[in-house]
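Have a look at these structures, which come just after this line.
Each of the next two complexes has chain A plus one more chain, namely chain B in the first and chain C in the second.
So, the complex of A and B:
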């Protein structure tokens, strides 16, 4: 153990004297701090903007005057996706999936971009996040520092006297690994700063530890690979070239190929195509605006029978409202089936992409990072489901007011004259059907469970690479 | 006196090989060499380029495994206990490979610590005095050293390790004539104090001056062995002739 510590300390002394570690760490820290500050500022601004817009939307809805209830169903309401606390570290899909949704009766609208962010980043200039810096640039710093760890000793012929001192290949490799791992821990320190901000915004400690753990494992894979190449190739320049090639392959080429293959292999039906099929199915359910639609004849008969009356005018409830409620329920069922089918296809596509994590650890860490940060596809779906629940509740709340607060007679005569129009309005107090909405990430155990396969892949990478390194360590010779 | 190697069995020798065959990358480098170095003896292996001199040294350190034959340090088989062999040996490579970013003292301290020993500043200075490394040079980084200065640091390190055996690969390469003389005296005094020294060299004159025995290697075969008789050094002329003929040059060339 003493030899391992000595070798690690000696490596640090080399880095410090050659100014390599200082330069590499300085470049990395400037980059990560700049990106962290910018991302945190952007996401904090987004958070405040969306919270403000959410409050404003609720206020505007509730401030609507007395109206016909169905007008309020179509007046609609906006929901805004509050960024997850850890989105300051990994915004994930936030920047590409949209953050707000317009809720109204009879339809599920797609999530759209808030105007402010949409216009600010048409060029995609804000793509660089702290997570991406760790995923793409931290490995480069490790390569820069670690490629010469062992090849340098061999190139300068120091390896022979070193081994002749009785140092084993394993001791040499573990000493170099200890130096490189300690440097990697330093690289992870800015993550703690981002984590502290997220913690103050309500994130759990377990989530931060999980994030620290997966990034630690990911960077450890790069440490091991770098040492493996350094121990295998005899020249520093060759080792640097090989590791740079590996970085390009793992970080740029393979993920891009994996995305293209996945897109071709697991196609998700386009929105227009899906909407046309869905509209066709919805039409079969009848028009909820028309109480005389044949699709609601059975409902009419059942209701008349239930209340033992002959005409719908004699019903104690507004039949038009009852039709609207029944129609919304049936429509929502079909809409949800389509939505779930689309979400399942998207998840399958994502899972298929993740399978390529066996070829590059970058895909595995990207997936694990987004999930732990609460900015992944599952959370996007979670927002859509929550939004749909809010939509259904408030539409049915208004339909219930339509049923109970507005008589059928006033309803059907609403277009006769101005007085009839006024009588077809209900009191604005009925708009209190909205519950205060704030999007929350799922709890950390749920988040981690969704990425267990990513974590397993990272561990597999680590074990295989470490096994190869130990095997190589046993074969180190001058 | 010229004799052909006749070691047929193992005595209590510090270093010995028996019918040692070493193959590297499919090429047989050592073709069954047999020789032994006794405690307190200086043995010089002479030979041309590619004769197998450095390979022999690396075999004693366990870096190369025999394809057949045996190799022993202190009567223990090197291949079965490399760690013990390395503990007993101080190795001085030809290029005196040390860390360029460290000064002489730091290099010595670091390598001694790795070897599991230590030395205080005075001991290190005494060793550096012994190899005549100028005091003002000791705190300079080795990147500013000449080859001869590096060699001196490596020799000081070997002295400080205080091992029973010293393996020296072209130890006087890069040293100026006066430093070579000093080095030979040092080697002699180390051997007289009980160290066993195996050195490989091209320097016939130096080998004859310092060695108790000289082995002549040609194409991986030990073709001759010369032994000093009593207080007399090995005859340079005889060795030079044999060496020249073994490497195919004129026997009338001046000694190196």
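So, the complex of A and C:
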């Protein structure tokens, strides 16, 4: 044990004397701190702006004057997707997905206005975030410090005396690993600062620990791989070249190639394509604006029978409102069916992408990080589902007012003259059907359960790399 | 003759270096992969467009019964607009994963329709595709760095350095020749695959040659940088890290900071404001006196101001007039949004002169018509088409032309930008 500590300590002494190691660590820390501050400022501003817009949208809706209730159904409402607390560390899909959605009767609109559509375009890598710095650049620093830790001893002919002194290959590797692992923990310190801000904004401690855990595991994989290559290749320069090649492959090439394969193998039908398929289904449901549509004959017969009257004019409720309500419900069922199948297809496509996590650990860490931060595809879908629930609730609330507050007679005569136009409206107090909305991430256990496969993938990588290192460590020869 | 001999000697030497051969095969393979998937994706997008055109036509046929007058014809007839991938799009798919390139529109207020986002899976867009532009602009410099950073150091380790320095006449030109042979081989790998893919896609030769020229300049640029930094009398690891820092600065940090700065410097109005204002105008119109709406409409369309309105019953003229007024009222905001985006793109174009990887990627995307400007051009073409639809219907409404379904075949057809 003592010799392991001694080896680790001497490795640290070597780094502290090496300008290269110091410079690399310094550049990394400046980069991560700068990016963390800038991202936190950007996301906080976004959050503030979107909450403000949300409050304004609610106010405007409630401030509408007396109207025909169906007018309010088409007047509609807006929801804004406020960013998750941990988006200051990993904004994830926030930039490439829309921020607001317009809700109205009879339709499910798309979420519009993604930041990426309006931003100055410099390509994908320019959406730099603390998460991306850890995923792409922390491994580079580990490689730089670690590539020589065994091959250096071999090159300077220190390995032979070391081994002759009775230090085993395993002890040597463990000592070097200890040094690199302690350095890795140091690299992760800025993550804690971002986490503390998120904590103050209501994020759970478990989420922070999970985030720390997955990034720790990810960087540990790089530590092990670096040691493995350093122990295997005889020259320091070859080890550095090989690790740089591995870094290019894992971080830049393979994730994008996995995207190519996935989109080629598993396509997802777009919104217009799905809409067109759906329309032929919807045509069978009848037009909710037209109470005489044959699709509503049954409803009419039932209602007349129930109230024991002959004509719909004699019903105690507004039949046009009843039709609007019934058709909205039927329609929503179909809309949701298609929306769900589109979201499922997207999830399956993403799952297919993650299956290539065996090619590179970067895919696994990126997906785990987004999920824990609450900025992944599942949360984007979660937002769409919540928006749909809000939409359905306020539309049906207005339809209920249409049924109960507006008489059938006033309703059908609304276009007769100015006075009847005025009579066909209900009191603005009915607009209170709208509830306050703030988008929240799901609870952390749910978030972690969605990424269990990514976490397993990381563990698998770690096990395989560690196994190879143990095997290699036993065979270290001068 | 001696230069030629030296060149032949270097080529033979390079061909025997297993590391170099490994990287050349890798570049050749990756370039081919990026292009093959690009070709497949373009084919897929073309098929999608055709499929949507067919499905939209079927939908129109099915709705044909509903059309009772000009107003309902305009209300129920949807038109598919799209931006077809260009003949070079396979090499740089660019914005096509984040910006919508298809809209299904009708004659209602356009501002409510044009910001719909029919785009693919955001997880895919976030990671981004491995296309030729990304590969060449971001990965190839790293490969060059690996190939060139230890030209001298490796000879030193092999114990041939002093011998080489002594035997070749001018040593710097010798090292430059060696670097040039490696870079040249790499360029050939890229250009050969690109031209083959171009022939498959039927790309205009001028585009291929221009793309080839840019790639050539780009490779020369990185070769020169590598060559000069590698000439330092420093250990290989220091040289490698310096070069990678240059890459990280120009490929990631400078673009990221510029993006933040430009977005801050050129604010655009929040998109949701455009939609909200449009909604307010269109909805308020139901409660406003009809003259107010019609007067606002006549201001921009004086030719119809003779139109006599009927007092209270629902009229299509009035309905489409307030749709138009909705667009008119939103125009300032909408133009500010578009101008802001264009201005951001303009500044980004200048700044990218300092960030060569972004510069090359953007240039290839511009050549492939997959950049932001193309996306805004497409938006413009949708606006122009929507205006043509209005031009078609307004005389029918205001001159009270009798409804004739047969005349609908004269509806303007959407022509995609070339």
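Definition applied: the second predicted complex is superposed on the first by the 463 of 478 C-alpha atoms of A that agree within 3 Å, B and C clash if a C-alpha of one lies under 4 Å from a C-alpha of the other, contacts with A are read in each partner's own complex, and residues count from 1 in each chain.
As a convention for this text, a contact is a pair of C-beta atoms (placed from the backbone, for glycine too) under 8 Å apart; a residue touches a chain by one contact, two chains touch by 3 or more.
Keep in mind it's a predicted model, so treat the numbers as computed, not measured.
Visitor: Give one word, clash or fit, describing how chain B and chain C relate on chain A after superposing.
Guide: On the superposed model, which is not a single observed complex, chain B and chain C fit side by side.
Visitor: Just to be sure I read the superposition right, which of the two partners does A:14 touch: chain B = first, chain C = second, or both, or neither?
Guide: Touch partner of A:14: chain B, not chain C.
Visitor: Is A:3 touching the first partner chain B, the second partner chain C, both, or neither of them?
Guide: first
Visitor: To the nearest 10 degrees, give me the chain B-chain A-chain C angle using C-alpha centres.
Guide: 90
Visitor: Which partner, once the models are overlaid, touches more of chain A's residues, chain C or chain B?
Guide: The partner that reaches more residues of chain A in the superposed model: C.
Visitor: Per the contact definition in the header, classify A:49: touching chain B only (first), chain C only (second), both, or neither.
Guide: So A:49 only meets chain C here.
Visitor: By the touch definition at the top of the document, which applies to A:156: first (chain B), second (chain C), both, or neither?
Guide: A:156: touches chain B, not chain C.
Visitor: Identify the partner contact of A:253: answer first if only chain B is touched, second if only chain C is, both if each is, neither if none is.
Guide: second
Visitor: Please indicate which partner A:416 is in contact with in the superposed arrangement: first for chain B, second for chain C, both, or neither.
Guide: A:416 sits against chain C, while chain B stays out of touch.
Visitor: Counting only touches as set out at the top, which of chain B and chain C does A:148 meet: first, second, both, neither?
Guide: The second partner, chain C, only.
Visitor: Quick check on the superposed model: minimum Cα to Cα separation from chain B to chain C, whole Å please.
Guide: Nearest C-alpha atoms of the two chains are 15 Å apart.
Visitor: Spell out the part of chain A that touches chain B in their complex, as residue ranges.
Guide: So the residues of chain A in touch with chain B come to 2-3, 6-7, 10, 13-14, 17-18, 156-158, 160-168, 477-478.
Visitor: Would you pull the chain C residues touching chain A in the complex into a rising list?
Guide: 19, 30, 33-34, 37, 40-41, 44, 48, 51-52, 55-56, 58-59, 62, 80, 95, 98-99, 102-104, 112, 115-130, 134, 137-139, 142-143, 146, 150, 153-154, 157, 235-238, 240-241, 244-245, 248, 251-253, 255-256, 258-260, 262-263, 266, 268, 270-272, 275-276, 279-280, 283, 286-287, 311-314, 337, 340-341, 344-345, 347-348, 351-352, 355, 357-358, 361-362, 371-372
Visitor: Which part of chain A faces chain C closely enough to touch in the complex?
Guide: It is residues 20, 23-24, 27, 31, 35, 38, 42, 49, 53, 57, 60, 65, 67, 71, 74-76, 78, 80, 92-93, 95-100, 102, 109-114, 116-128, 136-137, 140, 144, 147-148, 235-237, 240-241, 244-245, 248, 252-253, 255-264, 267-268, 270-273, 275-277, 279-280, 283, 346, 349-350, 353, 366, 376-377, 380, 415-418, 421 of chain A that touch chain C.
Visitor: Quick one: which bits of chain B touch chain A in the complex? Just the residue numbers, please.
Guide: Per the touch definition, chain B meets chain A at residues 58, 61, 63, 83, 86-87, 89, 91, 93, 95, 97-102, 110-111, 113-116, 154.
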